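The structures come next, written out as structure tokens.
Shared between the two complexes below is chain A, which has chain B as its partner in the first and chain C in the second.
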Partner chain A sequence: MGEQVQDRQSFVPGDQAFQDDLRRRHRRAKRWQVFFFASLVVGLLALLALFANVADEAFGTIAIASKYSEAEVLAALSEARGVTVEGPLEALENDDLAQVLALYIPRRVPVIVRDELSRVKPEDFTRVPLREALAGATLPPDIADLTISQLSLEQQTAILSANLTHDVLYARVLNDVIGLDILKSWTLSRTLFDYAGIEAEFQALVAAQDPPNPQLKPHSWLNSTFVTGTQSSYPELAGIRTAILGTLWIMALTMLIAFPLGVGAAIYLEEYAHSGNWLERLIETNIRNLAGVPSIIYGLLGLAIFVRALAPISSGALFGFNEANGRTIFSAAMTMALLILPVIIIAAQEAIRAVPQSIRDASYGLGATQWQTIWYQVLPAALPGILTGTILSMSRAIGETAPLIVIGASAVIFVDPSGPFSKFTALPIQIWQWTARPQEEFRNLAAAAIIVLLALLLVLNSAAIILRQRVSNRLRG
Partner chain B sequence: MQNQATLQKREIIATALNRQAARGERSALHQRTRLWERVIRYLLLMCGVVSIFTTIGIVVVLGSEALLFFTPPTWIDSFKTLQEPITATATELAISGAGTPLEAGEIIRMVNEEMRVVSVDAAAGTITVERAINGTVAAPLTAGVDILRADSVTLGEFLTSTQWMPQLGSFGVLPLLNATLMISAVAMLVAIPLGLSAAIYLSEYASPKARAVLKPVLELLAGVPTVVFGYFALTFVTPLLRSLFGIDVVEIYNTASAGIVVGIMIIPTVASISEDALRAVPQSLREASYGLGATRLETVTRVVVPAALSGIVASFILGVSRAIGETMIVSIAAGAGPKFTFNLFAGAETMTGHIVRISSGDISYNSIDYNSLFAIGLLLFVITLALNILSRAVTARFREVYQ
Partner chain C sequence: MMSSNGDGRYAVQIRHLNVFYGPRLAVREITMPIARNKITAFIGPSGCGKSTVLRAINRMNDLIPEARVEGEVIYRGENIYRPEIDPVEIRRRIGMVFQKPNPFPKSIYDNVAYGPRVLGIKDRRTLDQIVEQSLRQAALWDEVKDDLKKSGLALSGGQQQRLCIARALAVEPDVILMDEPCSALDPIATERIEDLMKELVVDYSIVIVTHNMQQARRVSEYTAFFTTDESRTGELVEFDRTDKVFSMPSDPRTADYIAGRFG
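For the complex of A and B:
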């Protein structure tokens, strides 16, 4: 365009002032173009900084101390067994891990049995026979009528080895024997560009605190223990399995509720509502307004209705579950469903609107009823669009935190959810809780959890893009 | 929506079919189909009605719980006792004790009798009261009786008081509202220039190819969960601000950091809607402007932007509405504890942040704390709803129609 204007210079009076003015105007145009572009770049840089920051915190270097080194423990175990036991600790069998516990902390073994397996009150545990105290656990029949204090250490150890999972035993060994303690953590950027500085800090730390077996090692906070482990107050053992399962449960239930409702409403509004009566206009306007309501308001709605008013249903008491209150997956899913319903409806409406009218006319021409037309013609044609919109609304719901906190999902939960009436935690809640803690290690954990959450979102969005691609291919072909 | 002609056509066909059916015998199959059609239609209508129930639910829940918040009275200890015994008719009472002084007009309660304070003589330690109000019965009282004061939150106090201290019975929403507005202002200061400029670049300057790449990348920002933005604010922007302005100046939790990140979060909202509005301006207007010798900048600022103004303004209003309702960023980065301050580098709790903090703790139902959440929620709902309606009204009212 600039050239066009310059071409016209010959048509206007060519005095000096005019030329100067023209040059000034063009310079100004250029400057602003740079500014416009820079604004866009700032937005993109913010996104980049966000990702870089998360990656920076999720990986790095840690300084750890432990009461015993792994080699020491393995040597002691080899000596007790009379054969050389090969490391690493994590690869050991259950009975080896239990043996380590018996070797190093013999007096804590019954306590571990109680903490992990007891079915009775703590004060009764040493008094009642094991048959009752450890109901449901695998026990040799000859010891079932004894109490825990009548057993030998070997027998107690055998109970641990037979009834605990490898993960729990390994976590116990790390925690109670090795006593792993993270002294300090450094970010990825410092690890890459200032490792000498980290080493100096580490030496100073060791000199000042004199921790046992200090060790400096690279660490990825995102690892298999993290993804598959449960919540723990020790950052090095904390995992997000419970949170991931909670999120998946909520999402599945939310979709089960919101998808049929949303698509149904969209069909009604697009296919049936054309007389423009007050109810239909009200529904339309109402949906647009609901889409703009802050999510925290839905949280308050869920708290008052699903958690409190419908407590007998949402706690599952009506169906024979005895959850103490209505702060369950069910309440969360209902709340989330209401939250994303407007989004699904609007997306589905657009998809249905995009189906050419000729398809409907042809179907009517063949004698189909209106519902037959919708079910056999309109919906199949609109389905990819509807699914795309639904997936995108799902990716919004996955990241929603505020409504879940308001309906009361902020408790620390150690147990995997087992159904719609379980208490739960969810990924974004976990991130929020860790971010709110002052210790640096929990920030690292939050970053690792953010990576998992973003990966989940990426999967969902890729699915949506692939779907959209297939639709446009089909329309073209 | 189908166009009118098609509808008419369909109606004509339907009438013809009906007539045909009326002439012949109606088969059982036909009737069943018609019934089924009608059942489905009403089922689908019910799906749509759910959204209306949601709105009704929101209004009723927020309204009724907030009403409980504003309904007097709850009796709280005034930390004062009656100093001398009184008869059933005495109106001048000697009182003793610490605590906030009583004020004229206040309702107090001793045993079962309610009284209205007419005047207070602080020097003499006496008060004059009107006995036996609100249908209670006057009775003689002995010395040492505890004086309870009515603690009710009036709408006036809620909207004008600058103190939010539930433990002292003062519930003024201004500190929370002020923090919300401050953060929204900072956010708009970030989002309006950046978002609008990005929209102008994408719509007016970028080649179709560049646009096809840049726009989805920018929209990625809109897909990032807000809790992640909160993390970003606390672990990246706050340290950045502290290193720029000094650790003593900038507190760990501050409204500036939260505001900037909320602004970044709404850039895509502003950019995307503004860009749609800009692109809807017909090419002929731009060409006419170039034809008059305008530069591209002059075309943008004097022709395209004014023509798309309604959409652009609507995007700003929608952005403000999102900033006001934003929760996780402010609850993570802006700090806890309501504080009435205009200092951007100090922490202050917003309305949404307060709701999150209180509801994440142990909260008992029907307490004044619980009810206060709904009063705040109602205010939040009213503000955002008004903004959303305004945004649509702006679009509808000032839309320029080009044919």
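For the complex of A and C:
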């Protein structure tokens, strides 16, 4: 750090004024250095606080109650099967899980078949033959012409076992049989530092409410069910798969639109338009200003143009898709593309400007045309810089919430997006929507979703950075 | 080479050339020939417009938006500034080597093959031949033949400049313009480039801009001395055989410059 300035003798004795001034200058330098270091520390602390806060919410302890305990269910299943079935429940095969449903909630089995597999209207379900009602499902041929009501419980159970995934069956068992209910959740910090307090609260809770099968257990809100599951109004079952897919779809389309447009505009501005007239200056100034326009305004623009005015296109109706309105991934991606276009243009312009004129001269000097010079020399040399700007803009777009809210992202949606004309939700929307709910548990879910969003951001950025590194290494040879 | 075409002894003739940068007249009324298969040196103090004249010979000034050229540069009997002439073709016939070695950030092979490729040559074997021949001509082949895939930027400064010369040769020009090609090089690398120029002049006409009077004296057959007038406009003071310019200059300004009294 600083030099020792206190007791230094002057080379020229008697020049006290200079000595005093020098000491003052050193002191001032020192003060600034301390300030710079403090800024860094504050920044790091803020980051640390962010991570700590998110982790605090996303992990912790929960108190759960259930109508039946796992052990009870396993015992019942063992009795029905005539052999001892080993737990845990989550490890059971499909037919065991379906059997559990049949044992505990026999009258709901056909309802589950209808909810999960029906291809016809609810009121027709019991009337039409299964061949039609469950079109596409795996059915034994001898029952295909019967209706659901004509089947035995065993046959209905077999349909569930054969056609539902393990995760869905397990979720059904948890939800409909065990009836898992989260009584209360505690944060990670309390779990770590005040577990006795949590236990006391838990005892008080049990004494007050007398819930069946109360249990206190550590819980990570970020788990595989959460990442791969669909939305649910039960926090213990809610997942963010649709949101992750929505975000990935939007980002992919956004890049597909914004990258070529942005780089193209930058090339034109830098390589072709250099007469410096008022029109060019006006355009450049505008692009720079657009980069600073609040994102919600882009959302309003997207709502007016893509969702409303271009509804036939953005809903996909023009291409034979049957979405009712333009609140689709297409609209979201177009809006996001508009939002980050100025950023990409500016970054690409700077990258192109940084390519040394000597490279262009060399190319022209060999008889290359302007297009050849741009395509073979300028663009490859500018690509690392362009990619850096694109990565930054992508990081911005992935977390944008306001424009998506304005153009009408679905808050609750159970269907995965399947293309540009699907309705969608996205991670930031999901996080926003969960934090707005009154139940404590959804805030935990929001924290877990934030971790997923940050991880996704990290993965995408790393991929882009590796790509950029490879490009610039290739250029350096 | 196509040395039988054109008008006799001259590769290029510059006639009444004025170059403007914006409103400013950079060089005034330059008229001089560039002799075929000879080395012509442009000397003069900084800012005298010698590089500007050089760049006017293959229309590189077109790339500077505010530059404007008046007068004629006759090449193969045509004024290259006629509107019908495509500057791209001129630059392929009249090649250029720049002050600072400027290899592309690509492999040695790709550097040399770039010119032929933009001209539409795709055949790998033809390209291999051109690359080898150009690198041999530029006296670089023996040093790099084993790692043609290495980046051109990984070479030493002198090697880079010879790579740039090889690159210029690969499109088979008639004339090679060299803008202070040795100013960024050490004396040994400079000597190699000078030797190379003396070999190349058998097949090509060479124009070299140099700050180094000794270099002009060593390599060139003709020397043009430029200087600036009081309005900082460059002009051609003297053009003659090199030995004559250096031993019996006809203009006192040339004598002063050669004697080191200014510049």
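What we mean here is this: the second predicted complex is superposed on the first by the 411 of 477 C-alpha atoms of A that agree within 3 Å, B and C clash if a C-alpha of one lies under 4 Å from a C-alpha of the other, contacts with A are read in each partner's own complex, and residues count from 1 in each chain.
As a working rule, a residue touches a chain if its C-beta (ideal position, glycine included) is under 8 Å from a C-beta of that chain, and two chains touch if they have at least 3 such contacts.
Remember, it's a predicted structure, so these values are computed and weren't measured experimentally.
J.: For A:Ala362, decide between first (touching chain B), second (touching chain C), both and neither.
T.: second
J.: Just checking: does A:His274 make contact with chain B only, chain C only, both, or neither of them? Give me first, second, both or neither.
T.: In the superposition, A:His274 touches chain B and chain C alike.
J.: In the superposed model, does chain B or chain C contact more residues of chain A?
T.: Of chain B and chain C, B contacts more residues of chain A.
J.: Between chain B (first) and chain C (second), which, if any, makes contact with A:Ala381: first, second, both or neither?
T.: The second partner, chain C, only.
J.: Where does A:Ile283 make contact in the superposed view: on chain B (first), on chain C (second), on both, or on neither?
T.: A:Ile283 sits against chain B, while chain C stays out of touch.
J.: Looking at A:Ala243 after the superposition, I want to know if it touches chain B, chain C, both of them or none. Which is it: first, second, both, neither?
T.: neither
J.: In the superposed arrangement, which partner chain does A:Leu301 touch: chain B (first), chain C (second), both, or neither?
T.: After superposing on A, A:Leu301 lies in contact with chain B but is clear of chain C.
J.: Going by the contact definition given at the top, which residues of chain A touch chain B in one complex and chain C in the other?
T.: In chain A, positions 274, 361, 364, 369 sit in both the chain B and chain C interfaces.
J.: Looking at the complex, which residues from chain A come into contact with chain B?
T.: That would be residues 1-2, 4-5, 8, 12, 25-26, 28-29, 32-33, 35-40, 42-44, 46-47, 49-50, 53-54, 57, 260-265, 267-270, 272, 274, 279-280, 282-283, 286-290, 292-301, 303-305, 308, 338, 341-342, 345, 353, 357, 361, 364, 369-371, 395-396, 398-402, 405-406, 408, 410, 428, 431-432, 435-436, 443, 446-447, 450, 453-454, 457, 461 of chain A.
J.: In their complex, what parts of chain B are in touch with chain A?
T.: 1-3, 6-7, 10, 13, 33, 36-37, 40-41, 43-52, 54-55, 57-58, 61-62, 65, 193-198, 200-202, 204-205, 214, 217-218, 220-221, 223-232, 234-236, 264, 267-268, 271, 290, 293-298, 318, 321-322, 324-328, 331-332, 352, 355-356, 359-360, 365, 373-374, 377, 380-381, 384-385, 387-389, 392
J.: For chain C, which residues count as touching chain A in their complex?
T.: Contacts found on chain C: 58, 60, 63, 65, 88-89, 91-93, 95-96, 98, 100, 102-107, 114-115, 118-119, 149-154, 164, 167-168, 170-171.
J.: Would you mind writing out the residues of chain A in touch with chain C in their complex?
T.: Against chain C, chain A makes touches at 274-276, 356, 358-369, 372, 376-377, 380-381, 475-477.
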